[in-house]
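All chains are identified by letter, namely A, B, C and D, in their written order; residue positions are counted from 1 within each chain.
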Amino acid sequence: MDGQSYELCMKILPKTYVQQADDAKSAARKSINLLLEQKRIPEVGFSDVLIRCLLSDLADMDSSNFPANCGAGEREGRIFSGLVADRHFRMSHGVGRSGELTAVQPKAAGSSIIAKLADSLALHALKIAGAIHVATCFVVPSCTGMTLCLTFLALRKARPSARYIIWPRVDQKSCFKSMLTAGYIPVVIENIMVEDELCTHVSEIACQIEKLGAENILCVHSTTSCFAPRAPDNLPAIARLCKSFGIPHVVNNAYGTQSSKCMHLVEEAARVGRVDAFVQSLDKNYMVPVGGCLFASYDPEFAQAVSCMYPGRASAAPSLDLLVTLLSMGVTRYKQLLKERKETFNYLKYQLEVLAAQFQERVLRTPSNHISLALTLSTLDEDKCTMLGSMLFLRGVSGARVVPRAAKQVLEDHAFLGFGSHTNTPSVPYLTVAAAIGMTNDEVNVFVSRFEKAFAKLRTPSTAPADRDVDTTAVGD
Amino acid sequence: MDGQSYELCMKILPKTYVQQADDAKSAARKSINLLLEQKRIPEVGFSDVLIRCLLSDLADMDSSNFPANCGAGEREGRIFSGLVADRHFRMSHGVGRSGELTAVQPKAAGSSIIAKLADSLALHALKIAGAIHVATCFVVPSCTGMTLCLTFLALRKARPSARYIIWPRVDQKSCFKSMLTAGYIPVVIENIMVEDELCTHVSEIACQIEKLGAENILCVHSTTSCFAPRAPDNLPAIARLCKSFGIPHVVNNAYGTQSSKCMHLVEEAARVGRVDAFVQSLDKNYMVPVGGCLFASYDPEFAQAVSCMYPGRASAAPSLDLLVTLLSMGVTRYKQLLKERKETFNYLKYQLEVLAAQFQERVLRTPSNHISLALTLSTLDEDKCTMLGSMLFLRGVSGARVVPRAAKQVLEDHAFLGFGSHTNTPSVPYLTVAAAIGMTNDEVNVFVSRFEKAFAKLRTPSTAPADRDVDTTAVGD
Amino acid sequence: MDGQSYELCMKILPKTYVQQADDAKSAARKSINLLLEQKRIPEVGFSDVLIRCLLSDLADMDSSNFPANCGAGEREGRIFSGLVADRHFRMSHGVGRSGELTAVQPKAAGSSIIAKLADSLALHALKIAGAIHVATCFVVPSCTGMTLCLTFLALRKARPSARYIIWPRVDQKSCFKSMLTAGYIPVVIENIMVEDELCTHVSEIACQIEKLGAENILCVHSTTSCFAPRAPDNLPAIARLCKSFGIPHVVNNAYGTQSSKCMHLVEEAARVGRVDAFVQSLDKNYMVPVGGCLFASYDPEFAQAVSCMYPGRASAAPSLDLLVTLLSMGVTRYKQLLKERKETFNYLKYQLEVLAAQFQERVLRTPSNHISLALTLSTLDEDKCTMLGSMLFLRGVSGARVVPRAAKQVLEDHAFLGFGSHTNTPSVPYLTVAAAIGMTNDEVNVFVSRFEKAFAKLRTPSTAPADRDVDTTAVGD
Amino acid sequence: MDGQSYELCMKILPKTYVQQADDAKSAARKSINLLLEQKRIPEVGFSDVLIRCLLSDLADMDSSNFPANCGAGEREGRIFSGLVADRHFRMSHGVGRSGELTAVQPKAAGSSIIAKLADSLALHALKIAGAIHVATCFVVPSCTGMTLCLTFLALRKARPSARYIIWPRVDQKSCFKSMLTAGYIPVVIENIMVEDELCTHVSEIACQIEKLGAENILCVHSTTSCFAPRAPDNLPAIARLCKSFGIPHVVNNAYGTQSSKCMHLVEEAARVGRVDAFVQSLDKNYMVPVGGCLFASYDPEFAQAVSCMYPGRASAAPSLDLLVTLLSMGVTRYKQLLKERKETFNYLKYQLEVLAAQFQERVLRTPSNHISLALTLSTLDEDKCTMLGSMLFLRGVSGARVVPRAAKQVLEDHAFLGFGSHTNTPSVPYLTVAAAIGMTNDEVNVFVSRFEKAFAKLRTPSTAPADRDVDTTAVGD
């Protein structure tokens, strides 16, 4: 309905009622126009009705939805199933054009606006989270590892002789694979243990750079968010090294935007040294389904180069999910979620310490890690550690990981001792737990209560392993 | 409702009515179980109600939907927005595990079944389409170009010294980019013109292989579906060459599964020579939104290797869309769609010939291309050719592409003369049109009528170019 | 999105794309405005997307959806369940005000427009169906019987001494009850048999009027649509009588708008005599769920009086369903449905005659009834007749009714012999079948095939009545 | 998916995952079966997903949804529009049969179960609300006034000579109309003022009964919920009178189930005297859209008689809305809503007293009315009173009613002085406000703030009546 429609309504109803309705509607219209103008997350989240309305109007802008459209090409956005059309809000053309993710797609003006808005609101979100100087970002409809891989591939052109990527060890398969898939040789930098915490071995990085030769190194690939007892990498120190050696620096910030600590490391690194890009998972940070990643950079030109690496037109699903979510959240709720996560982390830490005291175990001291915690399982033998993992899984605790001391894993040609513990020499088996965005204190309580029962049961000598056996110790999935 | 529910209903209603309802329901139950057992496309498509029901039951199998689930990790499938949750049928965990696309995801049994079914039904679809000996396939939640890129990267390990990819020219940016992104040097094989048709220069391929050395060549990258007047590549000849030289052969079958001709080329090539993989776009062949690709192979081991290249967990969206679509379609409707496309192609060809006669133009003779056709624009000068493209676009004709004679394009360091025409020496400007799956004769009629008016207008000497100017000549988007 | 939104989009995208989208959208805008202006069924049906969009805009006009609304009364349209809100498109205030069904509801401008449009489009539909001189109509959110009852109650005031309603017998419980519920004594006029057909005994009506005294008679209550072998009442003759005696005439046109024959009877009766009102079921004529009735009249004043009889605010559901349906149908499809029904009736008649010949039965000759047909079951004994009904029901044939010869039914104090057959002296048991709007020839074929099998089985002497027993002979449900 | 489906899933996935999913699902299955067995509101509300799932399974039980159904009657539940089908969860057959609202509909087993469950859960809700001895209840798909009307019509048979209904005055049009529509003469009993409160004039009722003769009186029609300063009727006293005179007693409990006070009056009246029926609005008490009423009785036989008055098959919409809402609410949330309403009422009262003190007005002392409150407007002249109503309406305050002193209204032949104030001699103009179920303290604050501004503006001498004029003083809509 447009202005004329309201006029016509006045012939059906008393004018006053129509005017009142028109007034009421103007708030919605203003919200939409403010969004299109500022391209920022609204202070207060949009209602689902308003979001639906916006998406429907945008979908109408895609040529495949023009009433008079006639598709004479090989890719005309036809959708067979009504269920599928509905779930994509009738948008079928994806995002990007000719292999440039951020380009406007001529057949799909509405989808293009959605992609632009998603990127723009994501930039706003990064700034709220702490990356206040970030220059640009865009959604990549691939996992974080794939996005890291594309980033490496984009660096290749400028560094044709490079064969190595320097990588402070973090025991997560995808990020390791991202380097192999891109065709590079990871140079694993073992962490150093500072009290309980596994920290970046900065001098060893410098050492390796000198040994291998800067021009043979594609980049340093560092990590912020990780499982305790590993600490986020010392990004500023790495960034300074990269700057002085002229080596690119790519940061895996997988689930780091939910922690002001991680974001501060990124910002500080960019201030004092070199950060070419930092990438983060959409689902882990923004509570959307798995499927997308946010590539961010302080260098628009390099970002553009990465955007051009994607050889084709891409799924619009992650952009759409992110846009809907940020619109629905609003700045207020997003900030609140960040604050709540911090509080839940503290609550979790406190509760783990209570558990530790009760069972003669210890919460590892990892002051740099503000997302994940590790509780020792030193009073259980190796079998029982594994069994604990299964028991928790079968009792509906997902995400808590048992890390036994003896794990060894071969990834392609690289053998990792103590895989899962981020070190060749883990001193004790432990359980990691994380307080991720959206977790509540209630969930912490449920976790604690289930852990308590399972642990107590395992410590009772006669316990028969009645539980079904499940492989849940694997990390990095 | 389960068996007990129906029993309980009999205390509320006369038994007969409940029994009758239970009988009626058993058909639906049988359809579901047959699907789970055979993992094939049903003969007759499922209703949307049944599909919804199945998806809801499967979603309930994901741990993030367990009523008692407690997420203590960094990736727990939490979804903030109800709109987003709904559109993903409450499934958030994506597909794959630890960087293996086809692995089962422990947290997401339901999503994993969806992924398995999608792959299995896709295999069935490929066989229906003509690839009766294909061994395996899986959905890649990336564009066709990205999937080609992953395929090239997967070949790297076995061919460490390879630097080149042999590529019979096809003027589409994404597939060219797929090689650059993977870090290889495309060796462009110019096509040879046979009458109007641009055909594979097989002997030149052999020549280049010998010149560069087989061990330095990663693979031959051939193409089936393409715009007229280019013909599908001579796959059997290429496959024979690849076999004899021991070089992998990767086929870009972008929108080829809709044409029995393309599928026959793939099958024949696999029979007489070597085909390592053939990849196809989901949206172009199966009428789903842009976002996914189907990787297929005659070699399960190589397929597994490619599946392991994806460094992380991936979007479930393309698998879900494909599954829903194939369930909704059923074998009957899919076969009918294939048949109708063939008929529409013939109808389009006939209508273009009528137009050609009317305007003293010519439909280029391209007997090998069964999807796309080219109509000469020899009576228009270059400006008017471009204008024709704009006019058609503004009149709601999408996908028809004007290919002027003079286009030149530089992609990275490669300069292409006559870009869009697949040859350095195009003889005449022309318009390409395609009859893709889902197109109807009615759309052909609309196209013809709009073309007729636009063309007539351009041929009138005094026509002022009143139309807005649009850049629509670009191909390969 | 409004005009300004499109301007803002031009800062995000090339202007041309936005203009093209805006152009494409204008068709939708025009359709909506034409609807609001003319309040007629659109020639071509609206898409579901457009209907949703309209409903959403109208819902925004209800005060309960104003963002700043503050409800301080006892009825504020709050909806607890999101599922419920969604299914009513967020409209909760119902229709009407202070007990006038057609009044505008101040709190609910949007709902009021929906009600007005529904009534207006329904009037259009009645005219298309043949009642070209009908003056007014409105949706009553009650069944046909209740609407007849309200109509009788509305007549009371002007005829305070009336105690009787003259009613040519039609064996359907609801219409009989409508008179009892209103507190009147039905004067049953037995039908006369003309060959196979049961026709209005016009002279007996005249006779009864004179006997009881016109002032003691509330109205004559006649019927158009009915089960064969009853014929539609002779409306013109009744109308003439009513006119000459000054007695109101209320027509039960339950499912008559789907038959031009019934509509012609109503029109002709209004032309030559008196018709105060004719009422029709929404579900039976317009393919919507059960729940509403369309009251129509040639006398706007009397219609207004009936509208004022409903003592409260009413459900908007039937108006909404009707509006959505007529918008979705469009004039073209509605006319086509009417035409198809006629053809299906003829096809059904032909098929029944084939069946009759095969089984030595007869299709009763009922030339006046253009909706329903009766097939004799003279070769079955009474038990088998009943069993045939059960067998058809259990084989998924609904709506076919077996009318055995011996049925007797007491409704309140009135005993009906041969209930179901519209006569005290039915000559033969039979089965009635109807060709209602929306029925297809395919369904006729299915019916015939199932009937054939069941009948053949019953005629085989040894048939054990293995089927579950069901009471399905009751008519008038 | 059934048991066999899970078995089949075990061939696709590791058994453990499937078992875990099956375990998780059993909670849902148990909830459904408990509901079907006990037919009571669940303690904790069902999720929307579970409700949808249940409704879909029930819809599958309706014959119109049987895959092999063949409709050969005049009413086969065909639905033209997918939008309409969806919003009714594919159920089209309504409720009831042959004019009995509570009868099972053979063609619609699922719809019938929904109706039965809705009635049964409603009974549970009434008991929670305080009517612990109520015997039976059912949903009537009509407004409260229409249901009162049907109740009166059902009483007619046993009281053939009755012409009057005794009615303690309450200025609400619908309930007055309900008597006129049923054809009875209301005998209006003026209220007596006790301090500020208008109370039942019990002795005048006795007086009128004796004067008119008990046998000439159909029933006493009393009211619980009403606008202050009217008090709920003295139900116990009326019930005693009715019992001793042998006169039926019908209670209009329009929005009384949300107040334990009203429910207590009904229960107490039934204990000490006669209550034949009490009726309540669904939308006002259960937060569903307008359209239904709940008829309740301590006498199952009379309830059955009323159920049989409805002459036809009825809309299932109100039953469905109520069922979904009560399932979604659960006992816990329902009790909480009742408690919150009580608290909001107290908060509203307190805030009105603050306002009153501020503006030299008074909150009328109405200790018996626990839902509605009245604030005097004695410092405004009549014009400004009216203007206040308009101003509040235009500022988005709905439901607050200005009652000027001078209103007079003629309803049919009955002239009411001081209409809206429930008395011929209102002493002061006032504003009524109610705290209905679902209202929040925040809304109270918004109301107070808007009232404050509007009132202050009106008290400023120079105020030009710039506001649009709206008729919002009418009560009883």
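Throughout what follows, a contact is a pair of C-beta atoms (placed from the backbone, for glycine too) under 8 Å apart; a residue touches a chain by one contact, two chains touch by 3 or more.
Note that this is a predicted model, so its numbers are computed, not measured.
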item: Most distant chain from chain A by Cα centroid; value: C
item: Listed pair (B-D, C-D or A-C) duplicating the A-B contact set, over half by residue number; value: C-D
item: Whole-Å gap separating chain C and chain D, where each centre is the average of the chain's CA atoms; value: 29
item: Centre-to-centre distance between chain C and chain A (centres being mean Cα positions), rounded to whole Å; value: 57
item: Intercentroid distance (Cα basis), chain D paired with chain A, Å; value: 50
item: In chain C, residues with contacts to at least two other chains; value: 20, 24, 52, 63, 66, 68-69, 106, 393, 396, 470
item: Touching residues on chain C, where the partner in the complex is chain D; value: 48, 51-52, 63-64, 66, 68-84, 86-89, 91-94, 97-99, 105-107, 141-146, 148-150, 153, 156, 173-175, 177-178, 180-183, 225, 227, 254-255, 281, 283-284, 286-292, 309-318, 321, 324-325, 328-329, 371-372, 393, 396-401, 433-434, 436-439, 443, 446-447, 450, 470-472, 474, 476-477
item: In the complex, chain A residues that touch chain C; value: 1-5, 8-9, 11-14, 17-18, 20-21, 24-25, 27-29, 32-33, 36-37, 39, 49, 52-54, 56-58, 60-61, 63, 65-69, 90, 104, 106, 109-110, 112-113, 116-117
